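Note that chain A is present in both complexes that follow, paired respectively with chain B and with chain C.
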Partner chain A sequence: MTALDAVSVYTPAFRVPLEDLAEPLGLTDIQVRLFRRFHGLDRIRFDPDRSLGELLRAAVDGLTALRGREDRVRYVVHGRAMPVVAPYPHNPLHDLCRELGLGHALAFTVTQQSCASGLLAVELAGRLLAADPTEGALALVLTGEKAFTRDAQLLPGTSLFGEGSAACLVSADGPRDRLLSYACAQRGEFDAEFGEQSERFQREYRSSLAEVMRRAVAEAGLALDDIRLVLPHNVNVVTWQRLCLLMDFPVQRVLLSNVPDHGHLFCADAFANHRTATEGGLLREGDHYLVATVGAGAGATFSAMVFQH
Partner chain B sequence: MRLIRARRRSFAGDAEVLADDDHRAEVTAYFADMARPFGTEAVPGLSGHSYGEMARALVGAVVSAAEPVDLLVLAFSVHDVWPGRATATYLSHLCPGTPLSFAVCDQGTASPFTGLRLIRDYNVRRALLVVVEQACLPYPAVAPLPAEHRGVAMLYGDGTGARATDLRQHTDVDAGAVPDLAARAVAELSAGRDARVVLSDALAAVWPEHPAVPAGQPITGVWWHLAEAFDGPADLVVVGDYDPDLRYLSFAAVAGLG
Partner chain C sequence: MTAPDAQLDVELRHRVVEAMTTVLKRLVGHEGPITEDLDMADGLGVSSSMGLELLLEVEEQVGIQIDVEKMRPDELRTVGELATFITGHSRPW
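So, the complex of A and B:
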């Protein structure tokens, strides 16, 4: 059973108040106030001094469980929201693997599920490991991106993206956070080719996310009441408040404390929230928790995973 | 895992979406912002193709409405001229079965083989591998580009009369180590049978033991050939590729063709 053996997260110390982002992003005062008061965002984290590779490296440097086990890493999977982030043939992922002594690993990026690509990377790592006969084989899942252009900084009317990264050591049978289920629903009909559909997307957002969360819980053989904690994507606060109303789930059991202070860290939210939960003692041994995310942009992907801590 | 059907196609001209001035302006700004930190500047006059448009045609050609697909993997190396699009998610909507869909990239010519490996590991009823490459970059190219826009779509699954396949992937392979590893991989995949072995031009450059596909289509080259061979007389086809920069050596075999 796929397991998260260790998780490391890097969040830059440098934070920018929303108001300072108004001019570069072309936001009006009203839009800024909406993000602050309604969506619960306050400051967004950036790391202007680090490239993508250096951003990912910062997370791996904190992954002490990797040290001395590099030779067991058979796969490195970068789960990335933005499909295109470097001029061809620049390859920050492979540059990083060589730096880390992981040149022997099969390394690739999985993308085009927007911010749901991070959970997919865990799912694929588990699949690869399950089929790998090598004893003790491991996978390294990386998430984290640069907010290098307007499309990578702003989800209009919904959220602002920040920079951060996570590195996750995955095994096929580890004893720690065990993956019990994965549910995913893709809605390609929200692609721009089919016309402007933002209103319909907003209308169906919460019910679609609720559906995959319920499916993940059911496939784990659990009931929603069995979920100790939800680790959300940090899109904003109000979406999760409303989702909890829809699902009749206590919002106090959704970890929202990082939303004001991080911004939406692309695919790394789940892992940043995992760190907050474990460091804060919010998960006890045996607890079940649910990770949920939405990849939105051109098309939409709703996905959820249930783990046992 | 069996190859049920394969289709291939070249695409002329630019993506239709580039005719939209607003879209063109957005994409131009995106590429300029992306290129700047790498010390390069976007060139004026954006051209090239969109993998959404290319794959849409290929998916329609290779899958019938009566064949719901469970998994779709889009593999590419050179990026799209519509950089922000979740193309695989879009394709999920177009493909019968609304499959779980994603893209595999940043792996050079190994990406399609990794896509095939994931399809094998998922072991679903039907899966679609779409390999695409387009020939234009919006900044000065520092590496060889494909000669033309091309795509190959392969439907895998458990269909009657389909062809069994297998694959091998080796990582961190120095050019000097290619001949021994390649010979071993072909021997394993052939298992004593006569095989028609076809190599990419990059692999043939370091292991000239078998015929190579024409140069100029770095990621689709061998798959283009495989799609052609699907209707041909050979009993077993083995295709191989080597990425000298990323040091991946990959082989796939398709048995029972013809």
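So, the complex of A and C:
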């Protein structure tokens, strides 16, 4: 059973107040006030001094469980929202693998599910490891990216993206955190990138996410009440407040404390929230938790995973 | 859920409706009268993001803070339903 053996997260110390982003992003006064009042945004994390490779490296540097086990890493999967991040022939992921002594691993990037690609990377890593005959094989899943354009920083009326990264060591049968289920709905008709169907996407967003969350819980053989904590994507607070009402799930059990402090860290939200939950003692051994996210771009993906800590 | 009408502050609700009418006219460019039975999404074309802008402006104009944590947008379809919810689920700013 796929397991997250270890998780390391890097979030830059540098944070920009929401109001300071108004001018560079062309936000109106009402947009800023909406972000603060209902979306719960306050400060957004950026790391102007680190490139993408350095951002990922910062997360891997904290992954002590990797040290001395590099030779067992068979796969490195970068789950990323943006399809293109460096001009050809540069490949920051391959450069990083060489730096880390992981040049032997099969390294690739998945972006097809936008901000849901991080969960896809975990699922793919688990499937690859399950089919790999090498004893003790491991995978390294990386998330994190640079918010280097206006489009990469702003999801109008919804969220602001920040920078951070995560590195997870995945095994096929580790003792923790065991992946019990993965539910995913790919909805090509919600093409947010080109503006088609955006109204319908907004209307059906919460019910679509609720559907995959319920499905993941059911496939794990659990009921929603068994979920100790939800680790959300940090898109905004109001979406989760309303989703919780829709699902009759207490919003106090959704970890939203990083929304004002981070912004939406693309695919790294789930792991940043995992760190907050474990460091804060919010998850005890044996607890079940649910990770849920939405990727929107050329089509939308709703996905959820249930883990046992 | 909306609060029972008997407990509603009638004067506050009147101010909420007035503020909503002003904001909605500007937001959606509606020419005709805005009546309480108008469906905000289907009748006025109010999107989710416009709905939040409406709430923010009503808060500021009326001087209240709306308890959005308890709001179920799917159950508040008309202008009147939203006005009743806001009146029953807000406190002075």
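Basically, the second predicted complex is superposed on the first by the 305 of 309 C-alpha atoms of A that agree within 3 Å, B and C clash if a C-alpha of one lies under 4 Å from a C-alpha of the other, contacts with A are read in each partner's own complex, and residues count from 1 in each chain.
Note that in this section a residue touches a chain if its C-beta (ideal position, glycine included) is under 8 Å from a C-beta of that chain, and two chains touch if they have at least 3 such contacts.
Predicted model only: the values in this text are computed from it and were never measured.
In the superposition on chain A, contact is made by A:300 with chain B only, not with chain C.
Residue contacts after overlaying the shared chain place A:33 against chain C, while chain B stays out of touching range. In the superposition on chain A, A:49 contacts neither chain B nor chain C. The partner of chain A that touches more of its residues, comparing chain B with chain C, is B. When both complexes are overlaid on chain A, the residue A:285 reaches neither chain B nor chain C. In the superposition on chain A, A:135 contacts neither chain B nor chain C. Contact with chain C, but none with chain B, is seen for A:199 once the two complexes are overlaid on the shared chain.
For the contact definition in use here, the chain B contact set and the chain C contact set of chain A share no residue.
Residues 41, 47-49, 52-53, 55-57, 59, 68-74 of chain C touch chain A in their complex. The residues of chain A lying in touch with chain B in their complex are 51, 78, 82-91, 93-94, 103-114, 117, 120, 124, 127-128, 130-131, 148-151, 184, 186-189, 191-193, 295, 297-301. Interface residues of chain B facing chain A in the complex, by the touch rule stated above, are 26, 29-30, 33-35, 37-38, 40, 52, 74, 77-80, 83-94, 98, 100-108, 110-111, 114, 117-118, 120-122, 137, 139, 141-143, 169, 171-172, 245-248.
Contact residues on chain A toward chain C in their complex (touch as defined above): 30, 33-34, 37-38, 156-158, 199, 202-203, 238, 241-242, 245-246, 251.
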